[in-house]
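Here the structure is laid out as structure tokens; the discussion comes afterwards.
Each chain carries a letter (A, B and C) given by its place in the written order, and its residues are counted from 1.
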Amino acid sequence: MTRNESPMSEHIVTAFTDELEHLSANLLRMGGLAEAMINDVSRAVMTYDLELARQVIKRDESIDELEAEAEKAIIRLIALRHPMAADLRAVLGAMKLAGDIERIGDLCKNIGKRCLELTGDENRAALKGIERMARAVSHQLQTALDAYLRQDVEASIKVLELDDDIDDHYTSFFRETLTYMMEDPRQIGSNTHLIFMAKNLERVGDHATNIAKAVYYMVTGETATGDHVEDRLKRTGGTS
Amino acid sequence: MDGNVEDFTETTTPRQAENMAEMIKVDCRNIDVFYDDKQAIFDVSLPIQDRAVTSLIGPSGCGKSTFLRCINRMNDTIEIAKVRGKIYMDGADINDHSIDPVLLRSRVGMVFQKPNPFPKSIYDNIAYGPRIHGLAAGKHELDGIVESALIKAGLWDEVKDRLTAPGTSLSGGQQQRLCIARAIAVSPEVILMDEPCSALDPIATARIEELIDELRERYCIVIVTHSMQQAARVSQRTAFFHLGKLVEYGDTERIFTNPEDSRTQDYITGRFG
Amino acid sequence: MSSPAPPNASPQGSFITEEALKRLKTRHAAERRFKLYGQVAIGIAVVALVTLLISIFGQASSAFSRHVLTFDTTLEAAQVDPSGTRDPGAIERNVSGFNLLLQDELAAQFLPEDADRNLQRELYGMFTRLAVLPIARETADRPETVGTRQSFSVALADDIDLYLKGGVSNRTQVKLGAITPVSGSLEDTVVVEFGRDTAGADIANAIERFRAQGAGDNEPTALIQMGQTWFRATDITDTTASLAYVAGARTMPGADTQGAALVLEQGQENRTVTDRQLAWTMLLKDQGRIKSVLNTSLFTNSDSTYPELAGTAAAIVGSLLTMMVTALLAIPVGIFAAVYLEEFAPKNRMTDLIEVNINNLAAVPSIVFGLLGAAVFINFMGLPRSVPLVGGLVLGLLVLPTVIIASRAALKSVPPSIRDAALGVGASKTQSVFHHVLPLAAPGILTGAIIGMARAIGETAPLLLIGMVAFVAEVPDSPTDESTVLPVLIYKWSTGAERAWEPQTAAAIIVLLVFLVLMNLFAIILRRRFERRW
């Protein structure tokens, strides 16, 4: 069981290592972009900065481009290098990651579009809820990407735990906003947008969880189901 | 074990059709092999399943071929080779004095790295084994054995019109299938293959692999290969050898997606060195 | 790639520089030089071989034909079969009776009634006593021919034969045209006049030429034929000559008889053929009774003290018998030893020692094997001397190491994959060797064995020591009969004093060479037949 802790030596074919590294750098860049999109879109919503919102919408394109690039690189790796074992898992994980990050980009874009529909005089309390959620989701995504960068199982398990918080956040935000809408039927229109935004953020959280699960599989070779994770935590003496 | 020696010498053993998947055909325990004073295999224990393909992989000189040759006692022919440890086939110790290696080899066929048909006709190549073991009562029966061996080896349609042509006139892939047919003709229970495709082109290799997959239903097959893809494609179980030691042994699927040992990992991902 | 070409680049491209071209030139020169060395080496070998063959065939050519005299005679019972029993054995042994028939026939033709013994001996010396042996045998085979008239041919003596083949003495023929006797008688001197002005001068010139070539006291002779009579010229002027009678018709030739001169380099004192014998031979030849025939006796006769009767039959059979014994000893023993050493023997100090010794044994001089054979087979085991059995055993021991080494090399060249294949299907070690390895090695082994045999057939030295140099006139029937072999026969013939042995020796060498070529051919055919690819 020393495998995961010891760093991997280089491939005999150095181009293989280079390509794998290039792929993961690409994914991290995508992740960074997505993270920034979450932060920016939440700021745009908070400050009713329509210009920023438009920018975020535009930025989705570059994520899409990066995803296409990553997909190409993955196909190339599978076709030419025949990755095996850890490499195979790394490549498949990268494919999942690319998909998830691309989806995150889409969701941020959607939030940006809804931002353009807002009127600028929304309930502050509701907006605060969005911001809180955005922060939590951003943190979760950052942790997941960190876990990917460091191939850290512990971190990926933490991401899974964080997801529960976000779900809680969303449920309470939903209830809260519903109350506001009942109190003031004029807010129904804009608050519905806010609910969808929150839903989108919750979905971003799910994708971050997926990333964490992919990292977990990449590193351990096992699917991150409850039993496995618990086993693993027990073995490493971590807390559940 | 003495009681089983008699069973071993019988030519046919009744086989149960059920529960075959988990049945161990050849059980190797604590095998050491020495060449003079140099130890080539260190304490290898490897239970080999019946009706399955077990592949032995590892870098050159890791002892996988040496280990393979223990199973039909081909190492006996090398003077300086000494084998220690027990190998049980259907419960009988094959290194027991009462077991003649000649008889053992009629039950454990072998296919070699380079196709090595005898420089005789295709027919004689296959008929040779049954002849020396007296498996056929007459010409007619021998013809039947030859035909069925060629059919099983997937070569019948290609050579049925020229059985008297020399075996060496066939193409490399056909020659190797001829060698497999020759091994099958003495109705063995175990077939050992020592890098059977290393001298063949990809198409011929694919044919042999397809053949191995078909043969799996009837025989216990052990194959040594340098190509990890091949091991992944044809075998159900994979054993990884390194420096004469068995590093890891398990289901092929697991070995190639999630090996436990870092040496296995490094080897199959191409990181050795 | 797109960088501009250097200024001194040749049109072929930037990588062909002055320097590279120079290097290339020296390299090509070295290659040509080496090729030339090889061709010169091959050339030397070919020239040597061709010279050898030409000289042997040149010398031997005269031995493959010989001259015979045909004569008709009545096989008088009184002479041929004095006992009157028609017993073939007795007839065959009665060589002198047949000789008398031949001598009478010749005497009747050439000798006067009162011929003295010297003259008789001179005439009968044209044939050796045993020349009539074939006639005796023929008659013995068909006793019913006794008393009838038969036609036979007998071999001329070796010197006469040699003369007819252009040997004995250098000679020139001079056509003289019409000659007219002027005075004198056959008993004394005949003076003749040449019809042609320069005839006398031609003879004198020829004599002068030979005298100039010849050494010391050699006095050329001019023999002159006029019709059926032969003379010796004693004094010659341009248009006249004094002649002494030599042989032939004892009548004075008529006027204007066509004549010819035969000028010989040596006088008869320095020749093995006398003037008279020469004249008789020429007369017989003019009658068409002397013919050149294929010398079959070279193959059918046994050794003889007379070169014209000596043949190689006994030696060929002796060689064959010896080779048979050699093959029976060396091939099976050699093959089994090789198979054991190569396939079965453990590799240890003992087998290493054996291997080294076998290799050394192959280099031991052959005469040592002769000593061994003499000591062990003849002195210790008491086998008879001069027999093919002992010779074959000695030669067998001699070639045994060669056969073992060649067989081992052949066995080694069989790929181990074939052994693996055989063992893999459950063949035992012995089965794998005898079913697969040995058949594959067979062409190599057989070639080695035949090369060994070829060495044995040319071996002389060891056979001299076991007495196979004995004179053997009978064709041996079994390996325990006294016999000789071809190389020993060649050695013996080459030491013969008479000139006629020379072509005979060369002919025997050719017979031996033919044997060797046949054996090598056999080896090649075996190789072709059995060689298989794997």
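In this section, a contact is a pair of C-beta atoms (placed from the backbone, for glycine too) under 8 Å apart; a residue touches a chain by one contact, two chains touch by 3 or more.
What you are looking at is a predicted structure, and each value in this text was computed from that prediction instead of being measured.
Enquirer: Considering only which chains touch which, label the overall pattern as line, ring, star, complete or other.
Expert: line
Enquirer: Per-chain Cα mean versus the mean over all protein Cα atoms: which chain has them closest together?
Expert: Of the chains present, the most centrally placed is B.
Enquirer: Can you give the whole-Å distance between the Cα centres of subunit A and subunit C?
Expert: Their C-alpha centroids are separated by 107 Å.
Enquirer: Report the inter-centroid distance (CA atoms only) between subunit A and subunit B in whole Å.
Expert: 51
Enquirer: If you average the Cα atoms of subunit B and of subunit C to get two centres, how far apart are those centres in Å?
Expert: Each chain's C-alpha centroid was found; their separation is 66 Å.
Enquirer: Where on subunit B does subunit C make contact in their complex?
Expert: Listed in rising order, the residues of subunit B that touch subunit C are 72, 74, 77, 79, 102-106, 109-112, 114, 116-119, 128-129, 132-133, 166, 168, 179, 182-183, 185-186.
Enquirer: With touch defined as at the start, can you tell me which subunit C residues reach subunit B in the complex?
Expert: Residues of subunit C touching subunit B: 346-347, 415, 417-429, 431, 435-436, 440, 532-534.
Enquirer: Going by the contact rule at the top, pick out the subunit A residues touching subunit B in the complex.
Expert: Interface residues on subunit A, with respect to subunit B: 2-3, 6, 8-13, 16, 82-89, 220-222.
Enquirer: Which residues of subunit B touch subunit A in the complex?
Expert: 228-229, 232, 255-262, 264-266, 268-273
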